[in-house]
Structure formats: C-alpha cells, structure tokens
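Two complexes come next, and they have one chain in common, subunit A, joined by subunit B in the first and subunit C in the second.
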Partner chain A sequence: MTDPLPQAPSVDARVVDARLHLLDRQVLDVEGDPVATVDDLEIADLQYGERLPDRPAPTISALISGPILTTRLFGGRTPPGRLQKIGWDLVADLDIVFTLEVKSESLEVTWFERWLASRVIGRIPGGDHDPE
Partner chain B sequence: MKAVLGLALGVLTAIGGFVDIGDLVTSSVVGSRFGLTLAWVIIIGVVGICLFAQMSGRVAAISGRATFEIIRERLGARVGFANLVASFLINLMTLTAEVGGIALSLQLATSLQPTLWIPVAAIAVWLVIWRVKFSILENVTGLLGLALIVFAVAVFLLHPDWQSLGGQLLLQSPSQGSETPATYWYFAIALFGSAMTPYEVFFFSSGAVEEHWTRKDLGQSRVNVLVGFPLGALLSIAISVTAAIVLLPHQIQVTSLSQVLLPVAQAGGTIAAIVALLGFVAATFGAALETTLSSGYSLAQYFGWSWGKFRRPAKAARFHLTMIICLVVGAGVLLTGVDPVQITEYSVVFSAIALPLTYLPILIVANDRDYMGDKVNGRVTNFFGLVFLVIIVIASVAAIPLMIISAAGS
Partner chain C sequence: MILSELLQLPVLDAVGTRIGVVTDVRFALDHDSGDAHMLGVLIGRRSRATFLGYERKTETAPALIARFLRWRARGSFLVLLDDVRSIEPDGVRLRTDYRRYSPELP
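Coming up: the complex of A and B.
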C-alpha cells in the first residue's frame, strides 16, 4: 500500500497556505494606501477538472477582487469579463498584507473609488481638502 | 497637558461607547426597576471591554490592522460577511438611536420638537466627520462628556441610605420579587451587550490607526483603556444609583430621557440638570460620531477600501459615501416617528448576539506572531480572554430566548 499523498518537496523558500495567507488579505499600494482585499486567486493554465499530479505545479497569475466576491459568498460563476485582476507581477511584497509596486490609481480594481471621488465626493465642498 | 489630551481616544470611546443613549436609558431603567442588583454586570462588562479593547488596540498599534480587516482575514469571506451584515445593521440601529438621542437631548434643552432637531443633528454629525480633524473631535466630545460626572455628584447630594445600596450590590433585591428571573437576566444581557458593543472595538482599533499608533504607543493605549472604560462604567453605575435612590421607591418606570434626568434635577436643581443635559448632548453626539465612523470602518475594512479621517474625503470616497448614506437612512427612519429609546433597547440586545464573531478573531490574531511579533498575548490575558469568550457565547445564545420569555423585559 503506497501513501496516496506524495512527500511535500523540501523548499528553502517560505511556504504559504493560499487560504490562510493569501485569500482575504488586504492589498496596499506602493504608498501604503488600501487598494482592495484579495477576494480570489487566478491560477495559471490549469484546466477545470485537470488532475494535479499529472502536470507541473500551477502558479498564481493574479489576485482577483470585486464582483467575484459574490461567488465566494453565494456560489455561482463570475463572467470572465467582470473579473478585476491585479497581476502577480505587480506584487512587491507579501507580509500580513500584500504590497504592490504601483499606485492604486493605476489599477482597474479602483475604478469605482476614482469615479466616486471625481464625480460625487470630490464635488461636495471640502471634499478635496485635508481635514482641519 | 499633552499626556492628558493623549487620553482622549479612550475617554471618547468610553463616553461615546459606554455611556451612549442606550446606556443612559438602560442604566436608568435598570436602576429604577432592580436597584443596584445588576451593578455586577456592568463591572464584568467593563473588565471584558477593557481586555478586548486593549487587545484590539495592541493589534492595531503593532500590525497596523484594524479589527474588521482581522475579522475578514481570520473568519474568511463568508463568516466575515455574516458578521459584517449583523454588525452593520446593529450599528445602523445604534446610529439611528444616537442621532435620535441628540435630538431628544436638544428637545429637553429647548422644548422644540425633536422632528426639527433630527436633520440638524444628522447634518452636524456629518459636518464634523467631513471637516474636523480626528484629534479635535475626540478631545472636544470627550471633555464635554465629562459633564456627566454630575450624576456621580448627585449620588452624594441625594444623601442615600448607603447600607441599603450596599445590600443591593450584594443582590438583596429591593423590589420584593415583582420582577421575574427571566426579566432580570434579560436586562443583565442588555447591560452586558451595551458595555461590550462591538462598535467600541471597531472604533478604538480604527482610531489607533487614524492616530498612527505604533509600538511606542502601547503604554498610552493601555492607560487609555484603563482610564476611559472604567470612567464610563462609573458614570453608568452612577446613573443607575440615582435612579435607584429617587425613582425606585416611587415605582417610577423610566420610559423617556427626561426621566433619566429627574434624579439629578432633584439633587442639584436647574444648574445640575443643565450640566447633565450638556453631558447628554456630548455623549450622544460622541456616540453618533463613533457609530457613523464605525459603519464606514467596518464596510471599508471588510472590502479593503481606502478609509480614514486622516485622508481627505476624496481619497476615501466609498468610506465617506457609506457614512453619508447611513446618516440619511438613520435620519429618515427617525422622521417616521419611531422612539429612539425603543430602538436602543433592542440594539443592545442584538449586539449581545453578534459579540462572539467579533471577539474571537481579535483573540486569535493577538496570539499570531506573524502579526504581533514578540507582543503576543501573555498567558494571563489569554486565560481571561477565553473566560470572557465563554461568557460572551452564553450571553449570545441566551439573548433571543430570554427576549421571548420576558417579552423584551416588559
């Protein structure tokens, strides 16, 4: 009788648990401003139903945020066009938060924040001033 | 002077969180019906809130993470969402009650109808959140809220029978068994819920982030908690005592805010009543600020939005929009003519139900070295944390059955 689970490969790098250390973590931009929370992860080129042992280990290609949260809460599937991704290549650091190497304004994930800021909140008198 | 003002966050959290409209009324109701036989609950509640507020403040200072980020992080999207929905609704109820409380206090002061004061109160709360710096907000409301000390003074002016009061503390019921055990325990949970309301830790931990607390500020955080909350508890007990001295012997049941004021007026006349009213306005205003901010904090932290008063509003647009909507909804609900006092009585019991989902993640993260480094909980803190978690779970499970059996304490 062989062990169904192969021995985990020994690694020098840090081992992180996707559910514990990646999902639901806060993402900050290069200046430390909050961007989003990691609602889901995009795994590169892994087909649905494909058996893991038959292929090389998949990699995480993007953090996903936004409408996809509803599928984690209630099930179902988000249309691919509505996925708001932050590419893994933008991640500068992973600690108790994700830190990106770009500013939050440059990301698609924050479009609603930017729209509200310029069209609604910024137009109310005092909306663009530091609190005194 | 700086050290004194440094206490402001604790004092505001306590004045607005501990002695809000819910507590003003609940303490007075309890005092007028049960004397001091429920004072032990306030004492247990204050130990609990000190313990967990201090823990959440420490987590915020060391890791920079406020409480709702941690709730989502540790409980996951689904359970975190359940907690968000519950906390947010309770918070909205409390916010509504507080704005109503400001209007009622102003009505007592001016005898203008509260309907006129509701929009004024809501807009004033919004303006302060929109424009005023966090430190000014805490100092002014915290200091004015101290006017409530007049209740403690009134206790002495009323020359009570200390022996009988002492006996009530030791559970010798003064009401000759006219109240059923279910009612007694229902009010015990209401008092416990109002002492440990989740928005106090949302506010305290987010306030720590707003003020950019770091490892260096841990001592200040501890002093804040240990001065602020016991002060709140003391004021809350003082309100109970005045009601127990003046209202209980006459079988007067507290159903409105003006009755909370009666004992003070009897003890110190008009001046004392005016000071107490000033305290009411400050405490309810402080609580309205806290609950409004907490509604923004909890939503923004769950979804990862940019938040905080230290940012200009346009830099935290969704956070500010949330608060505007909450204030509009709260004022709208009040304008339908509901009684804020009644809303507050329900909201404290509902908050008892939501307590475990808020306090468990704080306890877990306060033990996580990834977040806390060497500042994780010690054994004693963990022991008391677990003891309180058990109490919290019992209160949470018992709340609804007791509410039904006692017909919500009536």
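Coming up: the complex of A and C.
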C-alpha cells in the first residue's frame, strides 16, 4: 500500500474546485430573480504556451452562459459570439447559487428574455402585467 | 482561455510521459477582494472526470456510493500552479520536480 499524499499548503482563502463548486450553478440577480446558469468560466490572460512560473496566478474574470450542452456531449467549441459573459466583479456572493450585485435588466445575458417579453409576450392580451 | 479548454487536457511530466488528465481546477477566493486565483489542477489517473467529488471530501455517506466513487477516482492528485510549467493545446506540462498533493479540500 502506498503512503497517503500530503495535504497541500493551506491558504487564507476559501478554496473551491471549478467543476465541483462553480459550474452549473444558478445565477440570481440582486433581487433574487434567476438570470442564467454557469456553463463555463473565463480565466483572465491565460494563453497557450505561456510559462506559468513567470507570471502571477491567473484569475477568473467572468461567468459564461451559453448553448454549450452539445459541445459537452459531442466535443467541439461553441463560437465565442454565442457565449454571454457576466463579469466576476458583479458577483456579490457564492453559496448554493451565485448572487449578483446588479439587476438582471442591466445584463447582456438576459437580452433575449427582455426582447421576448416586450415583442411577443407583451402583445398577448393580459401579457403585459403580473397575474392578478 | 475558458475553463473547458483546460478540462480533460492530458497532463505530461517533464519528459513527456502522460500521467493523467485534468479533471478539475482549484481556485482560492480572496476574502477581501473576492478575486478567484488559480491554485492548481486536479489530475485524474484513471477517469476523465470525477463524479460528486467524494475523493475530495470527508463525507462517507451513503457508504456504498462513497466507497465506489472513491475507488473509481483512486490515484487522483493535486498539482499546485507553481509546479505547472506551461499549458499547451495538446496538454499540460509539469516541471521536473513537481509534487503530488492529496486532492482533499481543506
């Protein structure tokens, strides 16, 4: 039987694993309304071929939401233009869900929902106000 | 770079021998600034991905599932970012004297 591996040096920070703790989490806005789910993460300034010991540790710069289910199942890459980003600086809290410090209306990621509400749902009789 | 470009990349040691694949990436969330700094990569030796992360936690219930999933992810380890030489399109290359750490979360 091999010796157990040593524990990594402790850090004065909350430690999370991206796939285990961050991907597929729901994102809520400041009022608790659902915005998106986290499909991927953007890692700032990390390029292929870069020597990592020569630079500061890369950081997460954005949450990414987009149609990536097919690429997860079958491989390939979603065109960057179809991925919507939510800046990491807008994240107010991370628990079971991500909570943002802004309202969903201010985010690019909700443009389709807003377009649908104003152009389609809002034109249906009774569709422009909350149910009574 | 986006995370999915890094996940499942082969991991090669200094002489180019394949030692596993990237199954996850560990980050440290700074209490004050909230920034998430990359700490290292988790490497699986037998499976391309781990399920529920039992090999990284102390939870042991339900016992049968926990034991099976730990066994399935046996041989996983953490390599800190200081020991990663570079990330290339064909794999993550480690330094000659890289150290293996337990994948368990603190």
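Assume the second predicted complex is superposed on the first by the 111 of 132 C-alpha atoms of A that agree within 3 Å, B and C clash if a C-alpha of one lies under 4 Å from a C-alpha of the other, contacts with A are read in each partner's own complex, and residues count from 1 in each chain.
As a working rule, a residue touches a chain if its C-beta (ideal position, glycine included) is under 8 Å from a C-beta of that chain, and two chains touch if they have at least 3 such contacts.
Note that the structure is a prediction, hence the values are computed from the model and not measured.
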So, A:102: does it touch subunit B (first), subunit C (second), both, or neither? neither
Quick one: classify A:60 as touching subunit B (first), subunit C (second), both or neither. second
Once the shared chain is lined up, is A:88 touching subunit B (first), subunit C (second), both, or neither of them? second
Thinking of the overlay built on chain A, is A:46 touched by subunit B (first), by subunit C (second), by both, or by neither? second
A:14 contacts which: subunit B (first), subunit C (second), both, neither? second
Could you list which residues of subunit A make contact with subunit B in one structure and with subunit C in the other? 19, 23, 72
The answer for subunit A against subunit B in the complex is residues 19, 23-27, 33-39, 65, 69, 72-73, 95-97, 104, 112-114, 116-118, 120-122, 124, 126-132
Which of the residues in subunit B end up touching subunit A in this complex? 63, 65, 69, 72-73, 76-78, 80-81, 130-134, 300, 302-307, 309-315, 317-318, 320-321, 370-371
Which of the residues in subunit C end up touching subunit A in this complex? 1-7, 23-31, 34-40, 42, 49, 53, 56, 77-78, 80-82, 84-89, 95, 99-106
Flag every residue of subunit A that touches subunit C in the complex, lowest number first. 4-20, 22-23, 40-43, 46-53, 57-60, 64, 68, 71-72, 77, 83, 88-89, 91, 94
